[in-house]
Amino acid sequence: MSDTHAQTVAFVRETEIPQSPPPALEAGAVKWVRENLFSGIFNTVLTLLALYVVVRFAIFVFPWFYNGVWEASSRKECLDILREAGKGTGACFAVLVDRWDHLVFGFKYPQDGYWRILLAFLLLIVAAGPALFSSLPRRMLLFTAFYPFLAFWLVWGGSLWLPLTILGLIIATMLVFRLISSQIPVNIRQIVSGVIGVICGAGLAYLLFIGAQELVFIANSVGTEGMIAPIAYGVFWIMAIFAFVFCVPMGIFVGYAIYNSYEDGGLVSIVASLLFGYLAFVYLLSPIWMALNSIIPIELQAVASRDMGGFMLNMLLGTICVSLSIPLGILLALGRQSPMPLIKGVCVVFIEFIRGVPLITLLFVANVMLAYFLPPESNFDLILRVIIMITLFSSAYIAEVIRGGLAALPKGQYEAADSLGLDYGQATRLIILPQALKISIPGIVNVAVGLFKDTTLVSIISMFDLVGMIRGPIQNSTEWTSVYWEVYGFGAMLFFVVCYSISQYSQWLERQLNTSHH
Amino acid sequence: MTTLADPHKESFRLSMLLNDTRYRSLTFQFIALVAIIATMAFIGGNLVRNLAEAGLNISYDFLGAQAGYDINQRPISYDSQDTHGRAAMVGLLNTLIVAFLGCITATIIGVVAGVLRLSPNWLVRKIMAFYVEIFRNVPVLIWILIIFSIMINAAPAPNAFRGDEPTASMWLFDSIAVTNRGVYLPKPVWGAGSLLVVGVFIASIIGIFLFRRYARKQLFDHGKLIPTFWPSVALFFIPVILAQLVLGTPVSLEYPALKGFNFRGGITILGSLIALWFALSIYTGAFIAENVRAGILAVSKGQTEAAGALGLRPGRIMNLVVLPQALRVIIPPLISQYLNITKNSSLAIAVGYMDLTGTLGGITLLQTGRAIESVLLLMLFYLIISLSISFFMNIYNNTMKLQER
Amino acid sequence: ATLDEVKARGKLNCGVTTGVPGFAEPDASGVWQGFDVAVCRAVAAAVLGDGNAVEFVPTTGKTRFTALASGEIDLLARNTTWTFSRDVDLKFEFIGVNYYDGQGFMVPKELGVASAKDLDGATVCIQTGTTTELNLADFFRANSISYEPVPIETGAEAVQQYIAGACDVYTTDASALAAQRANFEDPSAHVLLPEIISKEPLGPLVRHGDNEWADISRWTLNALIAAEELGVTSVNLEELSAGTENPEINRLLGTEGELGSMLGLDAGWAKAALGVAGNYGEIFEQNIGAATPIGLARGLNAQWTDGGLIYSPPFR
Amino acid sequence: MNQTSQMTVSDEVAIEITNMNKWYGTFHVLRDIDLTVQRGERIVICGPSGSGKSTLIRCINALEEHQKGKIVVDGTVLSSDLKNIDKIRSEVGMCFQHFNLFPHLTILENCTLAPIWVRKTPKKEAEETAMHFLEKVKIPEQADKYPGQLSGGQQQRVAIARSLCMRPRIMLFDEPTSALDPEMIKEVLDTMIELAEEGMTMLCVTHEMGFARQVANRVIFMDAGQIVEQNEPEEFFNNPKSERTQLFLSQILGH
Amino acid sequence: MNQTSQMTVSDEVAIEITNMNKWYGTFHVLRDIDLTVQRGERIVICGPSGSGKSTLIRCINALEEHQKGKIVVDGTVLSSDLKNIDKIRSEVGMCFQHFNLFPHLTILENCTLAPIWVRKTPKKEAEETAMHFLEKVKIPEQADKYPGQLSGGQQQRVAIARSLCMRPRIMLFDEPTSALDPEMIKEVLDTMIELAEEGMTMLCVTHEMGFARQVANRVIFMDAGQIVEQNEPEEFFNNPKSERTQLFLSQILGH
C-alpha cells in the first residue's frame, strides 16, 4: 500500500476506520505501574528506595500508634500498662484525654462555657463564608458584619447588651454621618459646619499646644550629654517649635476646612460623626448598656483575656489579628501607592521595617516596651498588646499583597472613575478596592495561614497557647513530665488540619481566578 | 488670538489649600507631618514619664559592662569576663552561622524535593507532596521543638558510650560521635608541612576549575566532549592523599574521645545548633520545594520540546535550557525564604541556642534589665541583615531581567 | 497607687513561675498551688479579703521583671533572689525573704561525682537570666575548671534535658532542685552535691516608688512569720481573734490598735491573710515540708527562736 | 444630513481652548492648540498615531494637566481647582477605546454608580435613567449581566450609556471603535450617530471617515501636536489643503 | 513553480509510515496512518482542528510515542531505542507554532546551542553556520539580540534558522504562521518557499492555501485521526473527492 502513494498520489478514504481500544499493554494497572513506578533503572531504584523508607517508617510508627494507651492518669501508669501488656513501644495518648481541655481551651476557661467557643467557631465559618466564596448570597455579609459583636460576647462573656450597645452606637454614628452628609438642608449644614469647625479647630490648636510642651519636656529630659542625645535634643526642639508655631494656624485651617465643606458635606459629616461617636462611647456607652442590662439581664459568665489559652488562643489571635490587619493593610498599600512623598515614605519605612525584623522581637516589644509607650494609667493586658503587635506585623505583609492587587488593575479603571467625576475616596472605595481585593484574596489567605502558625510564638513570652500549654503546665506537671511525641504530634495535627484546609482553599481560589477572570 | 491671562496667576485664597491640586497634596502632607509629630510627642512623652516614674533611663553604657555569663558556642574568643557588647557580637555571629547553614541545606533539600515532586515516579511524587504539605502547614516552632526532642531523647547520651558494654558506639571507625548533646567530628591538626598539603589542596581545586574550562574549550574549539565528573572527583582527592603520604601525614586528625563527662577533642556541633539548623532547613525546604517546582513548571513545555527536537538529551535540556530559565523564576522567592530563615533563626531561644536573641535579647536583657535598649538594638541588627539581603536580591534581579522589546 | 488599682480591679495580679513543684504550679484543675502562691493569696486576702482574688501570671526567668516593671503584675513571688542590682539598678523593692536558699548541683548518682569541684568538663543545665547563671560562671572560674553551659528557658525543660542526659548536671536554687527531684520517676538515682555555692535569699518583690504598697506586702509576709512565732495557727485563729492576753497578737489580729488603718486596710487584714492557709510554718509544711514529696527541712528557714533566720520585726 | 446637523449648532461656546501647550517631561506633545467648539457642534479629530489626539481630548477632561494656555468648558475655566475640575467632569462624558467598564459591577450598576455617588440622585431615579439610556443604546435586556459577559460592541454601547447617565452636555470619544471587530463597529457608530442627531456636542477621535462625513460639522487634522488643518467634512476630504493631510488621507482611504 | 519543485523529488524514501496508530489514554488519535514521503517532496497537511495533524508530525520526531505500526525515517526505524531517536532527531528539524526560542540565549546562541552540544561542532564553525542561515532568513543583524526583542515574524525565522543549523534532511512545520500578524506571515512564508525551492524535504501543517498551491507536491487532508484524502494541490483544491474535504475547503476558502 505504501508504495502506491509515490506513483498515484491521489488517495481517498472511502470507509471510516473504527475507534479501537488501545493495546492491553497501554491500559490498566500494568501500564500504570510500569509508567509510574518502573519506567527505567533510575526510577526503579527510586521506587525501591521510597518503598523502603515508607516501610521502615511504618514499622517504626505503626506499633507505637497501635499500642497507644488512651486511659491512664500519668506517664508512669501508661508505661506500667504497656509493660504489663508486654508491648515494647506504645504511645501514651492518655495525656491527650487527661489534658484535652487544657490543650484546646486553656486551663482557666470555665468548663461549662466550652460550648460558647465551639459555637463562636462554627459561626465564624458561616461569617467568613461570603468573604471567601463569592457564590454565596451577598446578604450573608450582614451576618459577617454582626459576627464580631456576637463572637466577642460568646468568647468573653459578660452582658450581651455591651456588644449590642456598641453596635447600636456605631450604627447611630453612621446615621449621623448620613444625616449630615445628605439629609439636612444646606443652610442648616452651614451652621453645623461652623460650630463643628470652631470646636475642632480650637481643640486641635489646644492639642498641638500641649504637644509642643510635651516635646519640650522630652527634649529636656533627653538632655545634651552623650553622642546621640544632642541630635535628639535638637530634633525634639525643632518639632516643638514647629508644633507651637503651627498650633493656631493649623487650628484655624482645619476649622475653616470643616466649615468650608458644608456644601458637599463630605468632611464635616466625617468629623461630626467621629465627634459624635467619640462622645457617645465615652458618655453613653456604659450607662446605656448597664441600664439595658438591669432591665433585661442577658449575661454569660465573663472571662478575662488572661484566661484564654490552648489552641483556642491561637485561633483567637489568628482571626482577630488577620481581620484587624486587613483594613490597616489596605491603608498602608494605598499609602504606599500615594504620589505624596511624605505619606508614601512613612508607609514604605513602616512596611520595610516590620518585614525586616522577626515577629519574636515585636512580641518582645509587646512584652517589655509597649507599656512604656502608653500613658501611665492605661492598663493594656498582655493579650491586647500582643494583638496590637501581631496586627501591625501582619498588616505590613497584607499591605504588600494588596499592593500587588492594586498594581494588577489596568490604568483605565482609574481613568474611567475620574472621568465620571468620582473623587479619590469614591473611586478607591467603589472601583479600585473591590477589584484589587478580589485579586488579593489568595495572597491574603496565605499570609493568614503564615500568621496563624506564627501565633505559636506567643509561647515564648510565656503565654499559654497550645505550645505554651505543652511546654508549660503539661510537661511541668508531675504526671506528664517527659511526654513529648503525643502532645507535639497532637499540636502539629491540629495546626495541620486547619492550615492545610485553608491553603487548599486558597489554591482552589487561585485556580478560580485564573480561569474565570472577567 | 487674544492672549488670556495665565490661569496660574490667580491670587491665593485659603480654599485653594483644599481644592487646588497644586496645594492639596502639600496640605495633606503637612497635616500628616503634624500628625506624625503629635504621635511622637505622645509616645515620647509617655516614655519619658514612664521611665521617670520607674526611675529608669535610656543608656547603652551596659554594652561596655562585664557580661558575667558564659556562652557555649563561641565563634570568637569570649569568656564571662568580656563585655555585653562582645556577647552580642558572639550572638550575632551565631545567628549568621545558623542562618547560613540553614540557607545551604534548605536549598539542597528544597531543590531535591522540588525536582522529585515532578518526577514521573508516582510514589516519589506522593512522598514529596506529603513532605511538603506536612512541613508547610505546621508551625516552625513546633518543628523545632519536635526535632529538638528527637535529638535529646533518641540520640544516646555520652554516658551510653561508656563502660565495657556500651549501648552506643561511634560511627566511621570511631571518628564521629553522635550524642544528644551534639555531634563530635574529627578535627584536622596542622603539623609541620601541612601548609604544603593545604597548598596542594588549593592547587587541585584550581586545577578542577581549569580542567573544566579546558574541557569546555575543547568542546567549543574542537568539538570534543570530555567527561568532567570523575576526573574532577579524582583531582579533588588524589593529589591531597598523595601529598599526605609523601610528606608523612603532616595533617593529622584529632579524633573526639570520651574523656570525663563529655567527648573531648575534635569539632563539636552543639545539639541545639543541629536541631535548629535541621528544623529550619527542613521547614523552609518545603517552601523552597514549591518555589522550585513552580519555577520549573513556569518554563513552558514548548522549551523542552524544542530542545528535544534539536536532539538534546534530557540531562542537557535540563542544564542548558530549563534550569537557566527556571532560576530566574526561582531566585526571588528563594531570597525571601533566606530572609525567613534568618528571621526564624530567632526561635533559637526555644532550644537554648545562643544566637543574637539569646544573648542580647535574652541573657543580657535579663541580667541588666535594659529591656528597651536591648530590644531596639536587637531589631536594628535584624533590620540590617534583612535589608542587606534584599539589597543584593534587587541587584541580582535587575541584572537577570529578561530582555524584552 | 497600686492599692487603689488592685481594689478597683478586685483582683491581685501576682507573678509566679511557670511551674516549680511545691513553689508554684497549677494542679490538674488549673488551680495554682505552692509556697510562693501562698504569699500571693495572703496579700490578696489582706487587701481584698479573699485569698482567691488573685490572677496568677506565669512568668519565665525572662519575663518576670518586665512584667513587674510594666505594671502587668502587682507583686512578684517567684523564687527570686534578692540582689543588689535588682534592688538598686532594676528599681525593685524586695519586701522580705520567704526562703533562705543557696545554689546547689544535682547529678545522677551513677556518675559517681562527690563534689562540685569534680565537675571539670561537665555539661551544665542552667536557667537563663537567673542569678544562678552568673554564680555558675564565677564558681567555675574561681576553681579554674571548665564547663559547658546549656541555657534553658524554664525549669521543666531543664529537667527534661537533664533526665535525657543532655546535661550532666543541673544547677539552680537548692530548694527548686529538691522540688523537681521529687517529681522524678526515680528520685533516689540523683544526688545533690554538698556544695552550696551562693546565697539565694528568695523573696517577693514589688516596684520601686509605691511605698504604701510595699508596706502592705512586706507586713503581710511579716504577719505570716510573726504568727508562727506567736503561735497563731489556722486552727486557733478564730479563737484568738476574739481577743487574747497577748497584746502583740491582738495588734496583729486587729483587736487592738490601728495597724490596719495605718496600712489603709481593714483591721482584720492579717487575720484574713492568715485565714487562707495559716501561718508561715503551716504554709511551709503544707507545700514543701518534710511530709510532702519535696521534703525540705526547715533548716535556715526555721524561726529565729529555733536557731533559724526567719525573723519578723515587731508588730507595734 | 449634514445640513440638519449644522442647524443645531448654536452660538454659545461649549469649549474654548486658547494657546494650549502640554509637555510630557521635556517632550512637547501639544503645541499652541486653539480650538473653539460651539454648543451642538460635532467635531471629528484625526491624524497619525502619536500626534496627540488622545492627549488633547484628555486635557479637556482634566485627565491630563496642561501646562500653558487656557481651556474653558461651558464657561468654567479648567484650572487646578478641584471644584472646577469636578464641575467640568460632570458636564463632560468620555468614552475610551477599551471601554473601561467596571468588571465587578453589573451593567446597571455601572450606569448608576456615578449618578448616585456624584450627583446624589436617589437610586431608583438613577436606575430609571440608566434603563432609559440602555434602551437608547438598545441593550436594556443586558442590565443585570456583568461586562465580561458582553461582546465588545455591547460593552462600548454600555460605556456610552454610562456617560450619558450623567447627562453630560459634551461627549468626548477616544477611538471608540478601534478595539472592535468589524461587525461590532457598526453597532457603536449607529449609537453615536443617533446621539449626534439629538444635538449633543461631540468631540470624537476616530478614523472612521464614513462617520466623519455623515455627522461631523468639522474635521480637525492633527500632526506632531499641532492642529494642521480644520474644515467641513466635504471640503476636508475632497480638497485637503495641507500636504500632510493629503498624505494622511491617501493612506487612510487607500485601505 | 510547481513544475520545478516536482523535479527535485527523488526516488529515495525519506519517511515511511506504515499502519501507525496512536492513543492518548483510551482516545484513539491516529488511526492506521500510511504515508510515504520521498526525499525532496513537500507535503502540506491540513484538516479541522483536533484531527491529529500536530500529533502526526510530532510522532515522526518522537516527541510523542506511537503505540502501533512502524515509522521509518531516513532508513532508521523509530523505536524506543534512545540511539535511534537521537539519530532521527538530528536528521529532522522542527518548527513550532509558538517558535519556542530559548529566551535566555541570544539569537546566535540559540542557533549554535545544538550544533555545539549535539553535533560537537567547534564553536567558531557553529557560529559561522549560524550566521549563514541567519543571513538566509534575512536577519543577520539581529544575531546578538535576545528573542524577546524581536517581532513574531523575526522570531519564527530565527526558529527556522535554528533548525537549519543542524543541517536536517527533513523539516517539519506545525502551523508556523498561525500565531503571527498578517504582515509577518509573508516574511515567514517567503523563507519557507525559498527553502522549498532548494529541495528540502518538508512536511508542513498549515492552512495557508496559497502556500500549499505554490510549493506543495501533495496536500493531505486529515480528519478524526485518519488521512481522508491526498492529492496534488491543483486536483485537491479544484476537485476534492471526499465530502468532508469539500466541506472543509468551502469553509477555509470562503474567508
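Labels A, B, C, D and E are assigned to the chains in the order they are written; within every chain, residues are numbered from 1.
By definition in this document, contacts are C-beta pairs under 8 Å (C-beta built on N, C-alpha and C of every residue); 3 or more make two chains touch, one makes a residue touch a chain.
None of these values were measured; they are calculated from a predicted model.
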item: Intersection of the contact lists for chain A and chain B; value: C, D, E
item: Angle of the C-alpha superposing rotation, chain D to chain E, to the nearest 5 degrees; value: 165
item: Chain ID, smallest distance between chain and overall C-alpha centroids; value: A
item: Most distant chain from chain C by Cα centroid; value: E
item: Which two chains share the largest set of C-beta contact pairs; value: A-B
item: Longest centre-to-centre distance from chain A, chain (CA-based); value: E
item: Where chain D and chain E are represented by their mean Cα positions, the distance between them in whole Å; value: 49
item: Chain A and chain E, separation of their C-alpha mean positions in angstrom; value: 56
item: Geometric centre distance via CA averages, chain C-chain A, whole Å; value: 40
item: Chain A, residues touching no fewer than two other chains; value: 368, 371-372, 460, 471
item: Residue list for chain D, restricted to those that touch at least two other chains; value: none
item: Residues of chain C engaged with two or more neighbouring chains; value: 62, 66, 153, 160, 164
item: Each pair of chains that touches, named by its two labels; value: A-B, A-C, A-D, A-E, B-C, B-D, B-E
item: In the complex, chain D residues that touch chain A; value: 61, 63, 86, 89-90, 92-94, 96, 98, 100-104, 113-114, 117-118, 120, 146-149, 162-163, 166
item: List of chain D residues in touch with chain B within their complex; value: 18-19, 34, 65, 68, 70, 77-83, 85
item: Interface residues, chain A side, partner chain E - complex; value: 1-3, 5-6, 9-13, 16-17, 19-23, 26-27
item: Touch list for chain B against partner chain D, complex; value: 1-4, 6-8, 10, 16, 18-22, 24
item: For the chain A and chain D complex, residues of the former touching the latter; value: 182, 410, 412-413, 415-423, 426, 430-431, 434-435, 438, 517-518
